[in-house]
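Both complexes shown next keep subunit A, but they swap its partner, so subunit B is in the first and subunit C is in the second.
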Partner chain A sequence: MSRRVDVPVTATLLLCTLAVLVPLYVTVTMAFKTGEQAVDGNAFSLPSPATFDALAEAWRLTSFPRAFTVSVLVTLVSVVGTVILSSAASYAVARNWDRRLFRWSFFYLLGAMFLPFPVLALSQVRLTGLVGLDNPAGVAILHVMFQLSFSTLLYTAFLRSLPAELEESARLDGATTWQVFWRLVFPLLAPMSATVGIFAFLASWNDFMMPSMITADPALQTLPVVQNIFQSQFSSNYDVAFASYLMAMAPAIVVYLFTQRWVMSGVTQGAVK
Partner chain B sequence: MAIHAAPAASRTAAAPATGAAARPARRRRVDATYYLFLLPTVALFTLAITLPAVMGVVYSFTDSIGFGEYRFIGLTNYAVLFTDPAILSSYGFTVGFALVTVLVVNVVAFLLAIGLAARIPARAALRTVFVLPMVVSGIVIAYVFSFLFSTALPRFGSALGLEALQTSLLANPDLAWTAIVVVTAWQAVPSALLVYTAGIMSIPDEVYEAASIDGASGWRQLRTITLPLLAGYVLINVVIGFKNFLNAYDVIVGLTDGGPGTATRSVAMTIFSGFQGGDYAYQMANATIFFLIALVLALLQLRLTRGRVAVR
Partner chain C sequence: MPEPSPSPSKGPSRRSFLAAGLVGAGLALTGCAPSGRSAAVSFYQSKPEVIGYFDELLARFRDERPGIRVAHDVTTDLSAGFARSAPPDLGCSNYNFEIARFVEHGALSDLGDMPEADRVNPDLLPLIGLTASYPGRTSVLPYSLMVAGVLYNREIFDRHGLEVPTTWSELLDVCEALAGAGVTPIYATYTEPWTIGQGLFDYTAGGMVDVTAFFQALAEQGADTGPDSPVSFRNQFREPVERMLTLTRYVNPDAANKGYGDGNLAFARGEAAMYFQGPWALAEIAKTSPELDVGVFPLPMTEDPADRKVRVNVDLALWVPEMSPRQEAARELVSFLLQPDVVDTYNADNLGFGVTTDAPPVTHPALVEVQPYYDAAQFYLGPSQLVPESIPLHNYVQSLVTGADPDTVLRTLDADWARLARRS
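Up next, the complex of A and B:
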C-alpha cells in the first residue's frame, strides 16, 4: 500500500480551514486597527498602523477588569462545584447501586437533560429574585445544576471500572468512607475530572443566556453579556468592538489549545458507546 | 495522603471473604457519609431545577402576569397557544431552522471526518483548527459574523460588482435565517466531527484492506463500508443536534435579534418575551409544550446512545 500524501484531500481541507480562520483573522486584525481604518470598508486588510488604542478603549468601555473578574469567579465556582458535587454524588451512587434511594437519585439527577434552560427560565428568574440570588452567585449555582446530569453519567461509568479491591484494602487499614473517597478515589478520578471540568469551564465561560436573564445588576454582568454595548451605544466603533470580542474569546481559545486532548475525548465519551 | 494505590493492591490477596461479599443475605448498613455525598446535591437540584419546573406547569394553568393576584383558568392558555400566529410561526421557524442546520452540520462534519482520516500531513494540527469553533462564545462569534454579513460582505460584493451580495443578508426577511444556519453550523460542526472521527476509528483497517484486494475503489469503499457502518453515529448526531438547535438563542440574538420583523424569532425568544406584556403564564404554557418536545427527543436520544448523553 502506498504511503503517499493524498494531495487533493489535503488541499481541500486546507481551504476549509479558512472558514474557521477568516472570522478569527478579521477579529484579530480589526482589534489592532485605528478607528479610521476600521470603517474604511476593507475588513480583510492588515492593520496599518497597528495600534493598541482600540484594546485600551475596549478595556475602559466594558470595564474589562470588573467583567473579567465576574466571569472568572462564576466559572471558577461552576467548575469546582461541578467537579466536587458530581464526583461525590456519583461515588455514593456507584457504591450503593443495590439501594433504591441511590439508584433513583441517579435517574432523578439525569432529569435535567430533559429541561433546557428556556423551559425553566421564567420560574428560575423569579425564584432567584425572591431569594436574593439574582446575581453571579445564582448564575454559578445554576451552571453547576445544569452540568450535573452529564458529569454524573461520566463519573459513574468511570467509577464502575475502578477495581473494588483498592478501596476494600484501604478500609481494612481503617480508612473511613470520607478518607477513602478524598485520598484514594478522587485522585483516581483525575482524568474524568479534567474532562468534566473543561466542559463546565466552556459552558460557564461562554454562557450568555443565563447571566443575561438571571443577573439583575448590569454592573455584575459577565464578559459575553457586556459585549452588547457595541450593538447599541458604540455600534460604529468597529475597532473597539472587535478588540473587546478578542479579549472575550481569547481565554477560552488559550485553555482549549492546552487541553484539547480532554475536550476531544469528552465529546466522544459523552456521545458514543 | 497516606494511602498509596500500589501497596494497597498487593494486600488484597490477604483479605478474602471477610467483607460484605461473605454474607450477601443480610442487608448491609449504608455509611452515613454516602448520604452526605448525595443528599445535599439532590436537595439543591430539587430547589434549582425541579421546583421551577413544577412551578412552570402550575402557572401555565393560571392567568398570572408575573406578579399580583391570579386565577386558575384551566387549559385556556394551551387552547390559545395552538391558534396564536406568533407562537406557530416561532415553532415553524425553529423546527425548520433546526432541520436545515442538522443537515448542513452533518454533511460538513461527515466530509471533514472522512478527509481527516485520509493520508494527509499535519492531521493533528488540522483537527485542532476544525474543533476550535466549539470553544468560542456563541454570542461573541455571532457579533463577528454580524459585521461580516452586514458590512464586510456587501462592500466586497460592490467591489466585485456582484449584485446578490450588495445588500446585507441580515436585513432580508427571506434569507436572514441562512446566516443563522451558517453561524450555528460553524459552532456545531466540531462536536459532530469528533463523533464521526471516533466512528471511523472504530472500523478495523482489515475491512478496507480486504475491500482493496477485491478491487473496490475509494468511493465504493466509502459508500459500501464507511457509510453503513457509521449509520448509528449519524443517527446520534442527528438527534443530539436537532435537540440542541431547538434551543437556539445566543446566535440569533447576536445576528438578527429575531428580525427583520419577527422572521427569525425562535421558541426560546418567544418564551423569554413572557417577562414583558403580561404574558407570563401564557409563555409558561408555551415552555411546558416545549418541554414535552424536548422530553420526547431526550428519550429518543437515551435509547440511541444506550444511556449516555452528549454535551452540546
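Up next, the complex of A and C:
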C-alpha cells in the first residue's frame, strides 16, 4: 500500500496538536522564568535566565505536599468508590430490568444527572456541616454520588452487550450472585471500568467548587482550591502561578502516559453504545 | 416510591449487607479524617500578595500571646462558611459587596466598644457606612486604604514642559500637547472591563458628582429610579460620561485589545504619559522598570482646582462574625493587628494609606503627591464599587468606550437599579 498523505486531515490534526502543545509549552517555560521576564509580554520566549524560584515559591505558597496528598486521597477514594458502586448498581439493574423497583431505581439514578452541584451547593454545605462531613471525606463521598448516574448509564449499556449465557454457566457450576459478579462480570467490565475511572479521576482531580465549599478546614484543601490564590485581579505573578499549575498537571500527564492504552480503548468503548 | 417487587430468597439480606457496608465505610472515613474545626482562631485573609507577610505577623502574635492558637486561612469560601455556621473567626478582607451582604444581615459583631475603633479616621466613617451598615453596630474596622489617581510619567511630562493639570481645560491642553508631540497621552486597556470601570469611569464621575450624596439619594429613591426621577444615572452621570468619552480620544489606538498586564508593561516602558490605575499597579510597573519616575494626580474634572478629589477604597477591613465561638481571642488578634507599629508597617509596605488618626503620612515617592487630598478628606468612593455586582456596570462602561450610545446605557443602568430595588 502506498503511503499517501491526506493533506487536509493532516493539516487539521497538526493544528489540533498545536492547540494543545502551545499552551503546554507556555506553561513549562513560564514556570522557569523570573518574575520580571514573566510580565514582559513575550509568552513564547525561552526562560533566560532559567530559575527554580517560581517553583519553590509555588511549592511554599500552596503547601504543595499537603494539598497534593489531600487531592490524591480524595481522587483515589472517588475513583475506586465510583467504579465499585456504579458497576454493582448497574449489574443489579441490568439483570433485573423486568422488575419495576430496579427499573425505577435506574431512572432515579439517571435523574441525578440533571441536578448539577451548584444547584445543591447550599443544602450540601449545611448537610455536610451537620453530619461532620465538612472535610475531604465528605468531598470524596459527594464526588462518588455525583459521578454515579453517568457511570451507571455507561455500565448498564455495556452490560447489556455481555452474553447472559456466560453467567448461566457460572450459575450452573454453583456460583452465587456475589461470586458471579466478582469472578466473572467485573473482570469483563474492565474496559468500561477504565473509562468510568478516567472520567471519575478527571472530575475529582480538577474539581474546584465542591471542595472549596464543602471542606471547612483550610489545611485540608485540595490543589485546585489552593491554587486559586494565584487568580488575582491586581497582580500578575505568572511565573509562580504557572509553576504551580505545572506541578498540578504533572500527575495527570504521568497517569496518562502509563494508562494510554486503556484510555484509548476506553474512549472507543464509551462511544459504541 | 414504587412498591418493592417480591425478591428472591437471598435478596433482602444481600441488600441490607450492602447498606450496612456503605454506612460502615462512611463512618470509617469520617472517623479517619481529622476533625474539621480545631480550637485555633482562624484568620481569613486571602490577598495573595501579602499571604507571606501575614504569616510572619501571626508568628509574631503566637510568640507574644502563647495562650492563643491561630491558623491562617486563605481559601475558605465565605458564603459556605457562614452557611454551615462556621465562618472564620476573624476576617481581613477587601471591603466590597461580598462582605457587605454579611454586614447588612447583621452577621458581623459590633466592634465599636474596642478602643481601636476610636482611632479610626472619622472622615472614613461615611464611606464605610455607604457601602454597607447595620444599625447601631461598627461591623468592620478599616485596616488599609487605597488612594488612587492618574499615574503619570514625570519624565515625559518634564520632557515636554508640561505641568500637572489642575482643571479640565488644562487636562485637555496636556492631552493635546502630548498627542501633538507624538506621545500617547493615556494608556487604556479595554479588554478587561474592570480597568475602565475603576479608572476612566470612576475618576470622571467621582470628580464631578458628589458620590456619597448621589448614592444615598439613590438608595432612598430605590424602585422609583427612572429617567424622570430627581436622581438618576442618566441625569447626574450624563456629563461625566461625555467627558470620559472625550478623554477616550486620547488613548492608545489599540486599547481594545490590551489587558491589564499589557498596560502595566507599556506604561513601565514609557509608551504613554498617563495611566488610569490605582497604587496596586505600581508594584507591577516596578517589576519591569523599578527606576521609573511615576507620580499621581487627581483627575481634574471642573474648572475649579479646589474640586479635585482622589478615589479611595477600603482595601482591607477587619471583621469578627457574630456566630464565632472565639470572639475574645479574635478581638485580641484585632488589637494586635491594629497596634500602630503593625498596621503602619503594613500600609507603608503595601502602598496603603493609614486609616487611623495616628497614622504617619505615606512615604512612597509617587503617593506623597496625593497625601494632601487624603488629609483634607477630598476623596470619594469609586461609583463602580457602589453598584451591586448583579448589575454588570463594568461591562456597560466597556460598551460605552467602544461606541455604545451613552443615553441608552445610562437608562439601562437606571432600570437595573430600580429592578434590583424592587426585588430586595
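Everything below uses one rule, namely that the second predicted complex is superposed on the first by the 219 of 273 C-alpha atoms of A that agree within 3 Å, B and C clash if a C-alpha of one lies under 4 Å from a C-alpha of the other, contacts with A are read in each partner's own complex, and residues count from 1 in each chain.
In the analysis below, contacts are C-beta pairs under 8 Å (C-beta built on N, C-alpha and C of every residue); 3 or more make two chains touch, one makes a residue touch a chain.
Bear in mind that the values here come from a model prediction, so they are computed numbers and not experimental data.
Peer 1: Pick one for A:Y256: touches subunit B only (first), subunit C only (second), both, or neither.
Peer 2: Touch status of A:Y256: first partner only.
Peer 1: Identify the partner contact of A:R126: answer first if only subunit B is touched, second if only subunit C is, both if each is, neither if none is.
Peer 2: A:R126 contacts both subunit B and subunit C.
Peer 1: Of the partners subunit B and subunit C, which touch A:F230 in the superposed model: first, second, both, neither?
Peer 2: A:F230 contacts both subunit B and subunit C.
Peer 1: Answer with first, second, both or neither: which of subunit B and subunit C does A:G41 touch in the superposed model?
Peer 2: The answer is both, since A:G41 touches subunit B and subunit C.
Peer 1: Go through the superposed model and pick first if A:T69 touches only subunit B, second if only subunit C, both, or neither.
Peer 2: In the superposed model, A:T69 contacts neither subunit B nor subunit C.
Peer 1: Once chain A of both complexes is superposed, is A:V77 in touch with subunit B (first), subunit C (second), both, or neither?
Peer 2: second
Peer 1: After lining up the shared chain so the two structures overlap, which partner does A:I141 touch, if you call subunit B first and subunit C second: first, second, both or neither?
Peer 2: So A:I141 meets both subunit B and subunit C here.
Peer 1: Going by the contact rule set out at the top, does A:T51 touch subunit B (first), subunit C (second), both, or neither?
Peer 2: Neither partner.
Peer 1: Taking the superposition as given, does A:L61 touch the first partner, subunit B, the second, subunit C, both, or neither?
Peer 2: In the superposed model, A:L61 contacts subunit C only, not subunit B.
Peer 1: Looking only at contacts as defined up top, I'd like to know whether subunit B or subunit C touches more of subunit A.
Peer 2: Greater contact footprint in residues on subunit A: B.
Peer 1: Per the definitions at the top, what is the overlap between the subunit A residues touching subunit B and those touching subunit C?
Peer 2: In subunit A, residues 41, 88, 99, 121-122, 125-126, 141, 176-178, 213, 225, 230 are touched by subunit B and also by subunit C.
Peer 1: Mind listing the subunit C positions that touch subunit A in their complex?
Peer 2: The touching residues are 2-5, 10, 14, 18, 26, 29-30, 32-38, 42, 46-49, 51-52, 71-77, 79-81, 83-86, 194, 260-262, 264-265, 278, 280-281, 283-284, 287-288.
Peer 1: If we count contacts the way the header does, which residues on subunit B are in touch with subunit A in the complex?
Peer 2: Touching subunit A: residues 1-3, 5, 8-9, 11-12, 15, 19, 30-31, 33-35, 37-39, 41-42, 44-45, 48-53, 55-56, 59, 66, 112, 115-116, 118-121, 126-141, 143-145, 147-148, 151-152, 155-156, 186, 190-191, 194-195, 197-199, 209, 212, 233, 236-237, 240, 247, 249-250, 253, 267-268, 271-272, 274-275, 280, 283-284, 287-288, 290-291, 294-295, 298, 302, 305-311 of subunit B.
Peer 1: Name, in rising order, each residue of subunit A that touches subunit B in their complex.
Peer 2: Going through subunit A, the ones touching subunit B are 1, 3-6, 9-10, 12-14, 16-17, 19-21, 23-24, 26-27, 41-44, 85-86, 88-89, 91-93, 95-96, 99, 102, 105, 108-127, 141-142, 145-146, 148-150, 153, 157, 163, 165-166, 168-170, 172-173, 175-181, 183-184, 188, 199, 202-203, 205-206, 208-209, 213, 223-225, 227, 230-231, 238, 241-242, 245, 248-249, 252-253, 255-257, 260, 263-264, 266-273.
Peer 1: Which residues of subunit A touch subunit C in the complex?
Peer 2: Contact set of subunit A toward subunit C: 35-36, 39-41, 61, 77, 88, 99-101, 104, 121-122, 125-126, 128-137, 140-141, 176-178, 212-221, 225-226, 228-230, 232-237.
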